[in-house]
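Each of the two complexes below includes subunit A, the first together with subunit B, the second together with subunit C.
Right after this comes the complex of A and B.
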């Protein structure tokens, strides 16, 4: 976590001059804060400025004149996204921490000031679960600080929507990315002396993709879409006029979205909803757009059935699915993750969405899917996966560790720490007076040896999956590599 | 009675305090209402409250006759069990105490009766119930009137009954089976019971002979027995923890679930000598707050009454143990790297299956699939002389607002939100039980049940109906 500290406070940056006033101001603020803190500790509000502070505040004032219009939204956005994930801030240097703390609520500052720098540094290391150390490559980006100037605003916005889960789900992210790229490509002009096919991919598209990756690691569907995009860019005739080429690219991307996702979804829903019979009970986990479509379509076809949704912390995606199904008039039952045995008892069909289908027939999906599939299989309930071929992957995985994503652990900390005496256990009464001394989980970074692991995906073994429904038909999990070849490599 | 505890949230500690001042009947009513309102819940608080109350009941009892005492305890016990049938620890403690009384009564009479050579005279039904089924099982159903008034299942009160008899065709066979298992208990009271009432027995033997004093002694001996039981409840965790080093080796990765003082204590004991990693699943939505508190602040002994001296236990992290908190959903993802799963039950059934916090079944099944051993730590007081037939009936459903807050009015209106509190875990998913008596295979638990409960006490309602 220490390596990729966002270069917000790096002094020497080549493109410094090109930063927007808002960014400049933010940087100035951060530096000012850091300097101040270094001299007299923790007093952010004070107007008395140090020798260096004078110049800074002057610059700040100057910037403020031109700044406000752009500054407002950006800072707000950054602030919002930081709220849930203060831990990422911690991962940065203490200086960045202080810089952030000024626009932030108290807890951050307190933490920064109380724990000495040295101890904070030593603690940081063991906050990563060793087994998954390869996945902690980079904390998710939630601010524009230090982004490349080449990143198109549409992609910037998209990145933050990714990192805050506003756009979540493999297909949704893929579509959103292609739409953002379309917009970005529209504003692209080929520099003189090179041609679009040679320049676009390496010099224009790569920074966009890198930026998206820094917000949240990209999904298999996005990877397939990017591969496809690169392929058609390379195949463009260098002599083609730029406008024409751009129009062609946009058209191709539209076609990709339409053919590989929109229509495919309809086809899969049409085929999967035949599996839902009258009087059956469909069990699903979290939320998948394609499962939602399938269920709604079956409902529209007049099939009478019941839906059980099992959900899990921290994303509670199933709640969205439950809301949408309930407004469609379906009979919905909603259970926490611990209710799986209860759900299995009455279920007659399990429908699952996918993050990606791996080439050894395993399903990569929201963490928790595997347990559900295992119990369904034990109870002889068919487990059916609905998955577009764009999510099929050439990768293989045996365990859940190599191929995964670690989300910020702060998401798992309950928002309102349980200060209200939950009379559930009898110690509550006695603890009342002690509670001030008692630590809560939100201080977990200060507690040595305590780690929180928030995985995004797990991998369901192929033997738990009865059938995979894709646009090429219903196939067994063993046929995944074949479909992958056909759909993603044969293009 | 709530007047006694105004200003404080009623809980086990307030109950125990009020127990000192209130009279027996008030305390009984208070405990019943606390149980009903779930202000005392979970096995250990229930067990402590029940044993303390019954101690008062016995102490306040004027009748010195064992039979009267048994009836009185049964009566109170039935009311407590009826108040909260799913807290089986209540019934277990009542049965244990009844066992103590019978023990003492037998001790009382045996020396005298031995010389009379009429042992069956005083308690014919009991011995019959113990002996007859072994001889001719088919008649077991009718003969021992004590145990199986199977014609009358006025059983709503105790959870044990419906499950025992719910499959009617099986009922006679089952009942006789029970008796077969427990035969030795009825025959030789001296040899069998571990811990429990053994010491009072020997003391009693030395002192008996005075006909006049005998009746008084019954009560005193019973009180001694109950106090021993209370002591057992207190030390049960450390007894279980003693075997920690036999089961945990260095560099292990151990998965546990929800917050349990027994498990915490077990791991702490091992942590003093060995370094390992604990992965803690948080049991959302019912126990995650308690779990977080345990992880961050360490455990605290569940009974908060007179042992304020009890050390506040440090969290495992302070002992250099790496603790990784995960949501329940990540258990499958990690199971392949876990060496052992340690669970704490709510109740253990006689066949080795158990009830535990919701999520335990998923964990146990995942462990089974990955061939990871599942170890269950349970005090004997959680061991219930019930065979599960209707597992659905055992599971309690809790507050749905813990899953979705009631503020989401429309959602709550239109969607069935279900929040099971317990999970049933089948015995085949468990590899080992560790109780305060040592380690046992799940298939051996019936034997421990037989050691601790008298067959005539298994159906608490039966006798009181007569």
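Right after this comes the complex of A and C.
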């Protein structure tokens, strides 16, 4: 939809935090212009004083004038706040016919996290599920366009691998990030007049991290690794020769990877594979590298068991796991997500990987894990989480809303609607219904009253988890904060 | 008396014999403490000169001890703790500095400290009964089972609390004691005689005690105000390994909404994480399928380590244990305070890291 002119000059970046200073300035200017235009166009005279700062009073003032513009801000506001499906169209209509008057409503939004949203984007805005609005960052970056000149080529390449899921999984991303940083730090030279510990973090590392964030939100393990890296940088003696300092940093990063991920993975796999008994059936969901290692290890130990992999759209990570296990000679059963009840019936153990373990013992993992864990718990099948302590987090979450990542909704849309039976049994019935109603979902942005939410993670309650295996041994989920303190805060 | 076993001969010191001797000679001693004491004796009788030699000796003796009895869960709590203590005190910089002087002195020091440890472990029982007796109020009806000495000490202490010179306490409560019927016909089973001794001691103190068979637990659950059980081992997730029947008592108490307390010294915390009843790492012939032809060699599916056990020392039914998961347990009364089951793993992490 083509909304009228001035706001369209603004960049389509919903998240303020992710903008560069130059962009911020540009946007502030545009906003100011728009506001001025609104005041002039709509309410000449007295009202101008109120409309600027406080959104609430501005709106009230607008209502108070009476006449044609009176109703619309209200409408707009309702659409904003409820973001209900019916509000969707109203707001659209309102924006369509209103020219400058709409700008007057702009300050209203300053309060929300989407504060900077341009009106041109409000249609897109309506395509965002309001409850999760805090999770929508700018669209994932797939091109080098507009990146900071400071970003190292290795980090650039890595970023695109992140955004295309070529490197996927919390630990893999963490390792890849540290390796790229190593390369980047090698090419770093301290400018004259400053020292490495003072300059490196803020002026060199930050743009790299910001860039990676713009490709995909960073994971808990990456956060912990970055925290560690920053800490050792600060602790470097400013008098240390630069080459030496860089060599030291690279060595430390290697040590981090070795101690916190590589060796840890081996230790976890070694202790987790003892839980796989002869004749048991292991159920797992999607793909976790540590679960894969555990299963392969148990197989190498000569344990006779069967594996059931439950997988789901849109990433179909389980396929990779299935093929790797099958090539190792294991007996694998691969089921769609709708096959969980069947899988539960024959399973004797559920092994799960983690994106992060939260301090209240809850597990953050690929969306769909919680449901599987719940059903396993109901059937009294032990649910075991394998997780390196680097993924343990001091955060706490009660629901899936606060901590999560929204992936591009397009990923949920089947690529070719008419590929026949393959897509039909691939995924849930709801898509089939959708497809029969509307010819194709690829133009979902033009379909009124349709929002698509593609969440990456969900939270599994601690009650569903029987055991967490980390490098400190097997602990109940209630001990996650203890291990986190031990592993991540003292490092 | 202890020394007689130790004196036999230094080189051919039999840790298993020493262990059994300790258990028999001191009725108050628990399995983990006896194991620790036996290991200290072994250390005394050996002239190891290096750290690794000492550690090796202890781990060898531990394996011997564990192999000698059918259910080493309780024992391993003690041996693991002692080993961990040795490792941490031998690798500590202070110890290595002293090592420059004389390793023999360190060993002496270790042995002395080990004694201190044993004394402390024995003293724990009094502390626990002091803490735990506040859980019993006037007019309560307490349900308990087994021959746990620490539960007995707790109940006795409650009976004597604020006692007058006559030895009778002002606290009036009743005890329902679950006694398995087999106790009447099998003589000399230590655990059963243990429970008989506790019952007698309580009745002596004017505490009314009723004995019921395990089948009657559900029947009398409505009259019960709280349950106390002992433990052979408290496992990492806060669950408890105890005599067969504890699990069902826990389930019934949970179903009736009655608090279910575990009374245990903290040296019984064991680094074991069972996922279920058949995950205890010991072999128990509780479920024994039979046809007219005799025993069916049951599917040993749960991978119990029967290879190590070699000769199948299936535990006698009286010694069988079960595992009570943590969600059935309201609290664990230890000498370091009353813990939630979830705190057990924290305590263990503190010891091990």
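Points worth noting:
Simple rule for what comes next: the second predicted complex is superposed on the first by the 349 of 491 C-alpha atoms of A that agree within 3 Å, B and C clash if a C-alpha of one lies under 4 Å from a C-alpha of the other, contacts with A are read in each partner's own complex, and residues count from 1 in each chain.
The working rule: a residue touches a chain if its C-beta (ideal position, glycine included) is under 8 Å from a C-beta of that chain, and two chains touch if they have at least 3 such contacts.
Predicted, not measured: the structure shown is a model, and the values here were computed from it.
Partners subunit B and subunit C fit side by side in the overlay (superposition on subunit A). Counting the residues of subunit A touched by each of subunit B and subunit C gives the higher count for B.
Contacts of A:402 after superposition on the shared chain: neither subunit B nor subunit C is touched.
Of the two partner chains placed around the shared chain by superposition, subunit C is the only one that A:277 touches, whereas subunit B remains out of contact.
In the superposed model, A:379 makes contact with neither subunit B nor subunit C. In the superposition on chain A, A:319 makes contact with subunit B only, not with subunit C. In the superposition on chain A, A:367 contacts subunit B only, with no contact to subunit C.
By the touch criterion stated above, A:234 is placed in contact with neither subunit B nor subunit C. By the document's definition of touching, of the two partners only subunit B reaches A:455; subunit C does not.
Here the smallest spacing between CA atoms of subunit B and those of subunit C, following superposition, is 18 Å.
In the superposition on chain A, the residues of subunit A contacted by subunit B and by subunit C do not overlap at all. Subunit A contributes residues 275, 277-279, 382, 384, 466-467, 472-476, 478-479, 482-483, 486 to its touches with subunit C in the complex.
Residues of subunit C that touch subunit A in their complex: 236-238, 271, 273, 275-276, 301-303, 326, 342, 345-346, 349, 352-353.
Considering their complex, residues 126, 129, 131, 312-314, 319, 322-323, 326, 331-342, 345, 366-368, 370-371, 374-375, 378, 399-401, 404, 412, 414, 418, 421-430, 438-441, 443-444, 447-455, 457-459 of subunit A touch subunit B. Put simply, subunit B touches subunit A in their complex at residues 8-9, 11-14, 39-42, 45, 282-290, 292-293, 295-297, 300, 302-304, 315-318, 320-334, 336-337, 357-359, 361-362, 365-366, 369, 392, 395, 402-404, 410-411, 414-420, 423-424.
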